[in-house]
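For reference, the structure is listed below as structure tokens.
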């Protein structure tokens, strides 16, 4: 495993399983009255969030604090960043503050790559543009494994705006590493031109895909896409690609419904589906903390060079 | 006033060794076994080698054994950034870089600040070039006012100005309005002008960052599809044919564009085209580390495109190499990809890259290099006095050592900017000397003053 | 990540990869009592690949565990409030075996589980991050119980120190005791075992290896000269 977690594609099968197994163990600490572990005491984790995302940030913050790390939150609004400070200068400031890990969310694809060149600590990608969101994919895989007992040969269907989705990219990479069978379903306008080279199948017909889906993952669709002619109207999108109760009934009995959030209830997912027993949306949140604890532990809990004392 | 120079043992266009006598800014003679004035050998006589120059003590000598001699290179596409972005480059630093690259003339693109869309601005740039004196600067005039793509600029005034503009381009932006492009093509016929198009359909490339394909899909960056270039190239070739005018395509980057241009030429239409050194060598794979030094417009493309561009340059479908030298200060490149500026420097590395990409694989010989990097660009730019290596011609020439192989080190470049994608890459060759009308601008690989 | 660290975790990796070649059978092992162990271990030069020798045979291990089980029952007044927690990896099957013996004698099941201490270790930053072992605390919890920690080898005492910290975060036992199969000396902290299967004085250049059927396919305690590539640190 690399000292940074920037792309799900950087994880080998062993790395991915290690993270999931570690998360399994750490999940049980959430049930204890004493939820804290002393492992990352003295380490500093910086949350560098250029995009608003309370949920993800809080998840990382909880994960770090449960490992007794110190957490510093840098949000773009009202900081030097808002005054136009460059990413590089922010990185140098964090470096001077002694950040052991920087969790970064940024609207530009590749921002974590650049950051990794400027800081000595570990960089964790919490979502960069349309590129990747590896901890989301890890918590999704963790959720699938907990609910269905395995990932290998699981049939996972991801539905929605794949073209602009970092969650989709990370999931396709991680799930194929873990041996799942991934299918993407979307209107052709929302699939990248080169999707044929990805390790997954592609389809345009959601009804045909659902009976063969152990997991269906709905992606958020932004209404602004309609203005750029990706689809004619929200109504048509919802009709052809929305998961309503009727479609949910097409799933096999054990089939589960996932969504990375935040949801557009009524657009890509009906309210009753989101609230049904098949939905894992709420447990995905708890699993997020366990998975992020595992990632932080594996990146910061040991030494990167034998004998190095940091 | 320039002195007399005797260059010995050079290999003109890579051929057999010969001497070159330069006098009063002009090539007096090229041939084997020349002396200084007094007793020149009859041309064609079997050489008695190295008869020492008897009379002229002022003749300076340059031992050019083993060096390739080419006519001074001519760049049809350079960004000198002055006026407006002197933090990135000035006419002085840009022409110094050009001279070090073996160039004796560069066409300075119009996307300055203010835009070069009036006689006043183009004359200012022209004068700055003459003052710096290291390389002829031929300003390019904008096609539209302020590059707005809507109103024709005063092309005639620019043509009549001291700068004598003949090449017009909105480079940086595409003249995407078909009617406006037609009018521009028609208008310049009056004075033998050429419209040089930056082919990029804007609606298909909104927010585009890299070539549209596997890499863009993987990196999560908005793609710049090849069709956005090819559609404009095809349209403009047809327009140029329809109105009987001369069209030049800037920085061709796709295999499809090459095919369209080949077809247009086969019909006898007046279409010329250029390719950059970086598009002859680098592919979109370079973007995978998100280092914006590889961010350029049009973007780096696939290996198939590179192969087609090389073949097109070899067979003459693409007429010339043009650097599209685009200097940017560090803060515009040391950022996340989508915030970074587009562009790469190129003047100081161009000849070496062409050597690597075209000469080493045997696609082009040195005579071909001279043609593509000097003669044809001079012809397209209607630039008299450049592009020819013969007795009687102005002594604009470059001596190039094809032997060494060194890593590119931008810290020693004369350009103010360091954004070269070839940083650290091993490239062959080194420019040893450049002469501008008989006066050396570069000697022993360094600026002569 | 170091896959080597993962081979200790018993789950998900298929058949255990534990048994190192050198321990397949204790070749050339001297007859049991033929040589005083002290003389052999103290500073005698050893070839780098000297095979490990068995210092406890399977039957001796069985007897030791039986004796320890009886000692636990004696000292805890019948074991009524006892919970056994084995420290992964090999402490866990040992805890289970002890629980079986306690149940056989008392006719009443004794809860046994596991307590992974990786997150509480004081030497984490010396090596790349380790895979975690499994923690399973019996449903009745540890509050007010007598927790008997079980491990295979007691060495520096740091693992037990970490286990005490871990226990502290899980609840408040009435008492904590320690049962080990082998005590090899060289304590670095004021920790001692309440129940010891075998006292084994060793030099710090020696490696003690415990093999258990549940993990390694056989029972043995081996003493070797140098740690091999997958060498374990002691407790």
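Per-chain residue numbering starts at 1, and chain names A, B and C are given in the order in which the chains are listed.
The working rule: a residue touches a chain if its C-beta (ideal position, glycine included) is under 8 Å from a C-beta of that chain, and two chains touch if they have at least 3 such contacts.
Since we're looking at a predicted model, the values are computed, not measured.
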Centrality ranking, top chain (CA atoms only): A
Longest centre-to-centre distance from subunit B, chain (CA-based): C
Cα-centroid distance, subunit A relative to subunit B, in whole angstrom: 47
Whole-Å separation of chain centres (CA-atom averages), subunit B against subunit C: 75
Interchain centroid distance [CA atoms averaged], subunit A/subunit C, Å: 40
Subunit B residues within the subunit A interface of the complex: 212-214, 216-221, 223, 225, 289-290, 331, 334-339
Residue numbers on subunit C that touch subunit A, as the complex places them: 1, 3, 6, 9, 11-12, 116, 119-120, 124-135, 165, 169-170
Sites on subunit A touched by subunit B in the complex: 86-88, 106, 108-111, 113-114, 128-132, 166, 169, 192-195, 197-198
Touching residues on subunit A, where the partner in the complex is subunit C: 1, 14-15, 17-18, 21-22, 25-26, 28, 32, 34, 36-39, 67, 297-304, 306-310
